[in-house]
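Below you'll find the structures, each written out as structure tokens.
Two complexes, one shared chain (chain A), two partners (chain B, chain C).
So, the complex of A and B:
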């Protein structure tokens, strides 16, 4: 074969090097983008008040600029009908950051930006000015009660907000870096620990984190024994021949089947087939409303277990194949049966590979969304599927999932643009979960290699 | 038995016989043929291995020494490409008989391989491994057996300070003695050694040879080696194999000083190999 050398090896070296660099750059850029945007969302940015040349007033948080225009997040959807404003830079006459401007997150209608004019206590007492703010702060800390807030946007339009509607209030223009850091930490914590609100565009993602983890855990409970036993059978029990070879090829190819196909399979076999059967046998009194005959935690876990089965089988088989024949024979020569050899020598040595396989399966499952949409993921299921009510773990219930939540926030919610920062925050979380899982797998595999090297060198 | 002499069986090519009372034979191999995927590796082999002696199998690489040795504890059972004809008797009993427990046979016929193969466990656990399989659970008893086995394998003094160190931290020679200790711990009747010193340095080799000589009061040893001096130093009987056939089998002194056949002489004097 004659490969044109184009000035020798140097060119190829540079070319391949450049490709590697480009790929690395793409990955790093992606991560930086997602992580910075995701984390920035919780930073209480200053609120600017602008006066335009036509006398209009706008208050908002600067979020980017393009072609001589600046973009502001102005909140107040209920007053303005929109939350974003593009402003020509030339049209801006003054820019201020008045300390009185507050940023409130509400459980409906999104956030609000404006000033506090008064508060009303449950007793009907109305407080104004500085006294109102003092009372509100105490109420936020839980030391006093407030029933209603009266607020005004920068154009002077009044709004009445029930205190119960308020998720958080901050006066970012008055905060120093320490305050902001504390508020940022608090925001991150709320994101991680609270249920979503306001049509998923506000609040946290706790049910989605929990749902993802629970589903993945159930999945590994299923896939581990099945995968490991299948690999043990293929590698240690079955007669090695054309048939085992065929099965092996089939298993490896199964890993390449598009995941949505597994979703369809799960829907047909688990949900309609198995679930329908279960319903007619055990939950007939509830029909026609389905119990197991609809998507749910159990079916989603089973579907993903099926999807990740090849990963576990392949990894386990590799681990088994790497146990030296000399050690197997050494054990047999001491009077161990094949089963004893398997249990005491082979399986312990292949254990790290099995674990690696399971972790890779978990990482794959944690990021998989498409099949779940068919077999049980929900847009909103703020109740987590574990509670104090028998049977405690509700396998038939729908659940939330980080990956699907991401999709829903970004592309199916009421105001996808306002939800963008949350999309990035959720993506950061998802990436983090998967990175941690993969790192664990890499470290385990490294230990395995080290052990085998130790054997070879001795 | 000391009067064992080479009785000529001139007419039978591969059934040279070493003469000792049949009551003192450990293995009795009769017309054994063995093939891998139809390719013969042993051809019509007949020989008797005396009890409580060291018998060496010598011969050029690929002549079937390992194949023969692995036939004696039925390690070939694992490979279903292997076909066998003929009979092997251990203490008079056919090892391929239906009622033979293969695991028990392998316990009785221990094997040490060319490359040391300690398990990825501590020194202690390596030696205790086979003993535990026999159902011994009491710590006291295990401790005693482990110490005895390590002492028998001349390794105790070197490892007693840290029995719980990984076996893989030992040197090659120590590992091989550990493997011998591990095998001795299950009290075998026979010890098969497949070139046990070929991967070791001269000093470790000497230690292993010394060990082999010392062990024959306890059990029967069969040593495969490609090292003629080694065979001459440690064995009582030597069988010379070539291309899957038994060429000559005689007391070691006789075979090395006065071989009956030209082929044997050529091999031991290094003219072919």
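So, the complex of A and C:
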């Protein structure tokens, strides 16, 4: 048989190919991991009831296994003092999924797994068995009232839970796929629309979404005019010479400066410098408690605007450079001033590229966390910075940010293990936002190039 | 429209001109603004850092004194003014007498220790009078109590320091006998030290340093009234002054030849060690007095010829000047901040020493040299700036710089081969359409926030690698071999079936086999570990080479940050490679070179400057990346070269410590110095890279390329 030579061209081709494959593989694996874990969090998994060889009974949701042991999420922190159990696979005698097991999310003490024994109405009437469950379901739908729930864990320990404490109740073992899908959708909606609870280990991320959006909007209000003007200067106004080269190098350098350094600059100049000055001028009556002299929405937006300036400049410049010179010259030849040419001819044509730049800037800002840690992000700020009280938009308030929330959940929370699903869900959301923004920018740019190509050929 | 020739001059023409000029002005201003913004960052950081290196200053001026008869013995700086204590026991302020402390004897010595412990007065009859303080540190003269230290002779030297639940006090009488009192809250025990001494000083946890001639002895007192000698040493010259610094763990010894030396109490309570270097001497006159200041481990030394020096425990001499008077002051008082010293000389004149040394603990040596810190037995680089109470801050930036460079270096080890390989592949082996498809994917990869990569690496990959270390390491061998094997297999197949195979690129086609390979390597790793390493590679490494394994380590940060900088590196390197003028490669191929030869001999050398600039910019990003390092390395400022241990980078350190640092303090400014270092590093690297790129483009243009 004719064995091909292994060497020369082939080795390098395949080795370099492996680099492409490996890089793509790493990203795909990362995205798949984050998204599947994040979305699976809302899926109402079956609750297993285990009987161990020592007679002990455990109810929980299977979450992984290692070295002959299985891990169960058993909830009931107030009864057991823990929410995780490692069980030896050999020690398990029976596994069942009794339909009566319920999974309740509470506003304090985390979730509960067990059975419903009775409910008590506000009138003091106590209902048991199936009737209790019917009543509870109606109460959850908002048709009836229930004051207190009496529940029991699998080992028979009773617990009284006020209805107001309950965020949601489900009987996952009884659900068919349709029910589970509905519950999944409901869970996703609650995640997006509710505030965090139980020390950030449960609940939703609505304040973080809102804070991120608001901060990014304020930032674009600042960065768009400055970025576009700087790009116009570089491309249209300045004579191409050493000065413009210097500015271009400066822009590149701005892009290369570590984001944390922007945070330091923001803290020193905006927060302590400007903010401290503002406080002593306008808010002296509140001192020594700072108003603008501490991290807040405004300073975070300004800091990130400075950080994303190069993104907007580079994208806009690219768009401006693609506007055919003939169009400019035509406009000038017809008697328009330079400003008129810019306003009527050049800028409208480069508008989509500016938009691209702003979108990329927004994507960058949405994912940037390090500078925010210095200039005003909060661990928990359930109040969103917009309300009905004058001045309606509170630029001095601390705010929550998705990226920082992710960091806080994963690395500073009380029970990192319990918060893990939520971390993945938050990461999914963040990745989704950034991917959508970037894809928009990429598609926009693609169309733009196609249009310019058409223009050049015509 | 009217005829142009007959039309009046258009009224808005001037307006248009003006508008044009205005717009041009605004646009130019904002362009310049960008440069200003970059400069502003650098200027701000520099201005904020500069005070760190300001010299120390001691200003001496005469203060008004209530002395009329030369009988004043001591002076205090209270919040509400200065107090004087006369030798015959009267307490005065500027208005007049406040209290009479003693009537039947004189005050022979005074000792105080911070503003929480009582003030101790040694009396001429062998007693000690203790003046307690209230919660705000003010002395309660009316509640003074008396205890007996010596039978009859006066207490001529007194030293006091706080100890567990109370205070310890030691005194020396006119004949050199030494006695101590230990107060624990409920009881006070007295101890007579069976030795005589010329100088005494009390350190931390009841350690008493005593000297007699050249003999230096360390005693350990105990709360129950016992005591034992821990160590004895001979000094080079007779000791003439002694003093413990803030915290009581460092002893400064001044001798008759003007020598100033530092001794540290060793952590294990057995004796002490002399510091490597003595301090810059004031002169050759005997040191007469050492005054420890309550902040920053600063101290003043006075010698017989009247020279006065300000020193810091680690950074050494900060200032030297002339004392108000050559004779040592009978009494000094220091305010709580350690910024003012009241100096009462023998004539009763009062001098005020204003000490301006806010950042005395910082010098090039303390930042960059290994030092022996308190509680350690050898010189090391250490960073522990956020300290509480009397702990000694450790201000070396070296561990942070080391951590930064180590993380960046490992990230480059992972990223450079992968990114350059990918760039080579897409520039040389991919069609235009394939490249156009790969580009958005890489851009998306670049957009992935560091916080997401960091959290997956820190919470998912790190525990996984800890469990599958052998498998992970095996991947570094398996993947290259496997991909070459795949290529070989593909050739075999294409020889056989040639045209029937789908035309896929190596890059995309390898994804599935490589995924399978990784999975296989990881699932086979337990057996591998069992065969070669006795079941546990980590334990084996520890046994064989003494390597420790931390879950969050440089390996993980290398992989995570490598992934984060691959897109940057790839884009720039690909740009450089595909910008190589086509005629060069075509000429090489036409002359009969293989593709690999063309790649290595023509394309890579031509693009080398561009690739270099890509690597530089990638390194700049790796050095400044914060979130990944913060989440993936345990953030311990270690100086270990090991791949399997944690680190702390400058950037992560900023994120951790800056929100807590007091504005304007030494710690704050040091953190800003760290930020400045990052800024300067990235500024220099990026500017260099930009210049390289610019030159390269010019060269390509000369060769007729299209970039």
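Here is the rule we use: the second predicted complex is superposed on the first by the 452 of 458 C-alpha atoms of A that agree within 3 Å, B and C clash if a C-alpha of one lies under 4 Å from a C-alpha of the other, contacts with A are read in each partner's own complex, and residues count from 1 in each chain.
Throughout what follows, a contact is a pair of C-beta atoms (placed from the backbone, for glycine too) under 8 Å apart; a residue touches a chain by one contact, two chains touch by 3 or more.
As the structure is a prediction and not an experimental result, all values here were calculated from the model.
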Touching partner for A:349 - first (chain B), second (chain C), both, neither: first
Chain B versus chain C as contact partner of A:337, first or second or both or neither: both
First, second, both or neither for A:79, with chain B first and chain C second: neither
First (chain B), second (chain C), both or neither touched by A:324: first
Touching partner for A:238 - first (chain B), second (chain C), both, neither: second
Touching partner for A:365 - first (chain B), second (chain C), both, neither: neither
In the superposition, chain B vs chain C on chain A residues touched: C
Which of chain B and chain C A:216 touches, first, second, both or neither: neither
Chain A residues contacted in one complex by chain B, in the other by chain C: 337, 340
In the complex with chain A, residue positions of chain B that touch it: 73, 75, 78, 80, 103-104, 106-108, 110-111, 113, 115-120, 129-130, 133-134, 168, 170, 172, 175, 179, 182-183, 186
Chain A partner contacts - residues on chain C that touch it in the complex: 16-17, 19-20, 22-24, 26-28, 30-35, 37-38, 40-41, 44-45, 48, 417-422, 424-426, 428-429, 438, 440-445, 447-456, 458-460, 467, 479-480, 482-484, 486-488, 490-492, 495, 505-511, 514-515, 518, 563, 566, 570, 594-596, 599, 617, 620-621, 623-627, 630-631, 651, 654-655, 658-659, 663, 671-672, 675, 678-679, 682-683, 685-687, 690, 694
Of chain A, residues touching chain B in the complex: 239, 324, 326-327, 329-337, 340, 344-345, 348-349, 451, 454-455, 458
Contacting residues of chain A [partner chain C, same complex]: 2-4, 6, 8-28, 30, 33-34, 66, 225-226, 229-230, 232-234, 236-238, 245-265, 267-269, 272, 306, 309, 313, 337-340, 342, 360, 363-364, 366-370, 373-374, 403-404, 406-407, 410-411, 416, 420, 423, 427, 430-431, 434-435, 437-439, 442
